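As written, the chain order gives the labels A, B, C and D, with residue 1 at the start of each chain.
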Amino acid sequence: MVVVLKQKVRDEEIQALVEQLESYGVKTSIMEGVDCKVIGLLGDTSLINKEEIENNEIVEKVMRVSEPYKKANRKFHPKDSVYQIGGHTIGGKKLAIIAGPCSVESEEQIIEVARLVKKSGAHFLRGGAFKPRSSPYSFQGLGDEGLDLLLKAKAEVGLGIVSELMSIRHLERFERDVDIIQVGARNMQNFDLLKELGKIRKPILLKRGLSNTLEEWLMAAEYIMAGGNEQVILCERGIRTFETFTRNTCDISAVPAIKRLSHLPILVDPSHSAGMRFMVESLSLAAIAAGADGIIVEVHNNPTKALCDGQQSIWPDQFDEIVNKIKAIAPIVGREV
Amino acid sequence: MVVVLKQKVRDEEIQALVEQLESYGVKTSIMEGVDCKVIGLLGDTSLINKEEIENNEIVEKVMRVSEPYKKANRKFHPKDSVYQIGGHTIGGKKLAIIAGPCSVESEEQIIEVARLVKKSGAHFLRGGAFKPRSSPYSFQGLGDEGLDLLLKAKAEVGLGIVSELMSIRHLERFERDVDIIQVGARNMQNFDLLKELGKIRKPILLKRGLSNTLEEWLMAAEYIMAGGNEQVILCERGIRTFETFTRNTCDISAVPAIKRLSHLPILVDPSHSAGMRFMVESLSLAAIAAGADGIIVEVHNNPTKALCDGQQSIWPDQFDEIVNKIKAIAPIVGREV
Amino acid sequence: MVVVLKQKVRDEEIQALVEQLESYGVKTSIMEGVDCKVIGLLGDTSLINKEEIENNEIVEKVMRVSEPYKKANRKFHPKDSVYQIGGHTIGGKKLAIIAGPCSVESEEQIIEVARLVKKSGAHFLRGGAFKPRSSPYSFQGLGDEGLDLLLKAKAEVGLGIVSELMSIRHLERFERDVDIIQVGARNMQNFDLLKELGKIRKPILLKRGLSNTLEEWLMAAEYIMAGGNEQVILCERGIRTFETFTRNTCDISAVPAIKRLSHLPILVDPSHSAGMRFMVESLSLAAIAAGADGIIVEVHNNPTKALCDGQQSIWPDQFDEIVNKIKAIAPIVGREV
Amino acid sequence: MVVVLKQKVRDEEIQALVEQLESYGVKTSIMEGVDCKVIGLLGDTSLINKEEIENNEIVEKVMRVSEPYKKANRKFHPKDSVYQIGGHTIGGKKLAIIAGPCSVESEEQIIEVARLVKKSGAHFLRGGAFKPRSSPYSFQGLGDEGLDLLLKAKAEVGLGIVSELMSIRHLERFERDVDIIQVGARNMQNFDLLKELGKIRKPILLKRGLSNTLEEWLMAAEYIMAGGNEQVILCERGIRTFETFTRNTCDISAVPAIKRLSHLPILVDPSHSAGMRFMVESLSLAAIAAGADGIIVEVHNNPTKALCDGQQSIWPDQFDEIVNKIKAIAPIVGREV
């Protein structure tokens, strides 16, 4: 951490600041520039709040040299994290494919979709029981009944299930019944929820917030990991930009960036990234080519009748073709399905 | 709502779509263009999900003619909403001034700040008990003890209190003890929380999300109002853009925009908008000049010692000067303090 | 085009507006809604200025049903545009690979890079002679001498050359000597330059502006095409978003989107998209997997000594590996190198 | 400037880097951290290219301590710049008001608007002769004839004229006939144009680019100033964000920010910021309250008939009211009209 001082600062003021800084257990080193002085902080600065230091009257600005996250940081954990979940792995050489409808609608629907996506090669079944909708007047999901149906599909078809948790009220049930608990983009900085998820021992699929930086995303993962739950899976799902043609803008560079900054696995959600069915194949293949650890994609047995997000859900035969192409691309980038 | 059809669509397909649309209780009217057909929907379309229609194979796109929110919409409630809260009003001709520290730190601090801001003219005391922090390693607020101290300050000084609710676990206490419940930017689309707030009868200060559009913001208000709690106060607090010099970008045009679209009061938070003390006065005065119904501003008795957001908190004498200038500008824009 | 009228508008006002609209050679059709009227415009509306209509006192808003661009629009030119340039094609089944240094630095450098990239499989040599730099104090390129050196490299190695035109003052020389004239992101809406490029008959590589929408980009292409020069090649080079870890955010979904909206070829520039060497391979492969018609990538014989953009330039052996992987991915997505 | 080195770097490599850095005429100072080393650069670093240093294999990142602009920097020119232009001042205590139509349409129109805005208190007349339009099919301005008409209005009414230069081809004429030469948002980084403007001696009104940071904007000013033309006036005109309700997002905090960073005057353009007539008053007053040195606003004698931007042009009586309110607010913020 580097602390840039304002011009014309008195020595006593600097001395007081140095003492404050060293009280955090770091060493300091002062550099005298032509028109300003700079204090370097040596040691573990991850617990120091940048804003607290900036708040000092003699400080012009504070710049971080190292990242504010520790447990999610590749520097301290050079090896890729790999999780074993229900007979499949997420992270590592093997790619993970998660597929299913936006929301669980009926027993018939979820079991049919589960069968179809498993046949094509999916490793996990996704399905929303509690749905975050921007309008209070839209379908809000089947709730607990939706989870019951997911469990039936799991029993019947044999795929682990991934579903979104929207409230701590349902945490107990999710912990018991769901294989991977999803945190949606709109809850990425719901810190109260993140803290609770740190207390359980279930893999968490943490979607990137609509307009959160990579650093904020890793700090959200850090919230969960700091609580003791280190099985975090990141998922890029498109960010908000000025472009309105697509629902969101798929930040494909987040894949190599996260691979460099962190040891956590990263998936891509091509469905929410694009918001349009015709783009899902392109983005799925791009994700794998860029080095993602897998995809989570919306598949519906009849997208034109879907109660939610139908316009971005693909048909089962489209999914089948995507999986085949992923299998072909995987070895080129050192992976396998 | 206008439904644009794809080129070369068969009459039976159009007929089926028309029947689906009319099942929502609206009338339809077909326009035949040169290279495409367009179906106009007449009637109340606020309950129709745009995406569901877009999902139909023969639909190219759907465009809303009217807004998807009703209770928050000025078209259906032309008169400004005005709330009476603890002897003061929010909305209407009178401006509301809310001030206080980022977080409650001690009895001494909160009572001193309360005294000072009341003396300068504040109508409500703000103070965080539960704090949303981007790092799990930062100070997270005093929690319930912080609320206790706010109540002491209220009893001692006589200002109604505004504090942020982060979890439904604390809802009961907030409903009992807090005068205006704040929903932070990061929870603006925490729909589970919004629904619970719709069930109580307390004014809600709904901050705009980091990168949420005006429409999404009003839809979040609609969530609360649809539940029966119609006392929503909006608060612009800066949005996320490419500019990094400021913490956020104060979207000052949100003020006249919301005034046109909705009857709800709108405040501006100059502290989070800027993130820097030296800008708070400029943004406060700009907010009032632009037509805001008031400001909510961070004031600390000693910002350089603040445990949170000190760099954007102002000194009591700076607050005093801002209030004086607001008093001078108010009549020019048809308001009073 | 759909014109939404304000509430409570008099019939004579509507009649006057209808006459104005029909004077543009379109037919109109009025739909009467519950609380507003809507006028549909039938016919070619691409020459009608949306804002002019919105300007009418009785108009609430105007929504386009069809795109404002014609020559660049796939609807009117369903077949992909393919250009033959110096023995190679851009567009169509064959992928195009353009490589070379950010800026031409010396005869030795440009000839060595040309030799190396040709050997690895590049079809064109890129190199900047006139450089757009954000600081007036940075190296601004060799200018005309840079073009001389590119011609030498072309004569020696046999690759067509691509270089950026910054000013109409150099147009004559570029028209004579350069095989593909590049318009940089910062000049994408330099309409004066675009008009001049419409008058010549050379392929134009039109980079997307820092924060321009797909529609604005296609309208910039339309400027060139409307002048009679229809050989426009689009190039996604990353857009500006809130994320600062990467230099820009590669909008990979622009690839399938442009393919749907337009018949023009689209390349991806992974170097400017990322701004960091370690990401170039990931983004190059993602571009091809997503369906791009090729890449334009910065390669330097010694990136650590580059006078410009060295941090994002790759080494020749990295380029070689990328080309090999592109060759392997191409057939999976129906392409060849 | 602070250079952060990668982990595990050899001493000889550091020595070589230090020598390279010192060759730029700065001194260096090495700080040894726990897991990395940092080199501080002392002296004038404004001529050092950050990217060039980042390009070195042993460098992790480079952080600027001081700004890359010098002539535009308040640190080196603490006093506000004030220009005398045709009997009026821009900068300093007096506010400047520039008004007129988006484009010059006829002699009658421009003279009538000039008379009306002068009567209300405008100091300069704006009017577009050459218009940057996003569609090649839209009205492109009257060109040279438009300038002729502006000169007639100037002769007749006695207001200095402000007009946008789009091409170096017209530079000579603008230098001779226009009082303040405007550079539009789309040309803010047209570096070739900026360099030419550095060679003349006319005040330049430099609009902020659609998505350019404050630093890039000041660097564009630096381009002009480095050439010797130091009379640059900055103009905030709204930036591009995710919000689409407004044409652009008025970054009101740019006003106090620029005042802190630079000595150059800053105006606000409320017309382009909002894109809607009903917002112009709010944004104009907000600009003055925030500390702007004036406004440049689109006024038309009959906005509903305007050939360009009519929907954001205000009526002369609206302008009159805005000027009156500005006169009332000015003394509250220490200014006068």
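Going forward, a residue touches a chain if its C-beta (ideal position, glycine included) is under 8 Å from a C-beta of that chain, and two chains touch if they have at least 3 such contacts.
Nothing here was measured: the structure is a model prediction, and the numbers come from that model.
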Chain pair repeating A-D, as identified from B-C, A-C or A-B when over half of the contact pairs by residue number coincide: B-C
Maximum centroid distance from chain A, chain identifier (CA atoms): D
Rounded Å distance between chain B and chain D, as computed from the means of their C-alpha atoms: 31
Euclidean distance of C-alpha centroids - chain C vs chain D, Å: 27
Mean-CA-position distance for chain C and chain B (Å): 39
Residues of chain B touching at least two other chains: 211, 240-242, 244
Partner chain B, residues of chain A touching it in the complex: 46-47, 49, 51-52, 54-57, 68, 130, 132-139, 166-169, 186-187, 189-192, 195, 209-212, 216, 219, 222-223, 226-227, 240, 303-304, 306-311
Of all residues in chain A, those that touch chain D in their complex: 2, 4, 7, 29, 31-36, 38, 40, 42-44, 63, 65-66, 75, 211, 240-242, 244
Residues of chain D defined as touching chain B within the complex: 211, 213-215, 239, 241-246, 249-253, 255-257, 260, 273-274, 278-279, 282-283, 285-291, 325, 328-329, 332-333
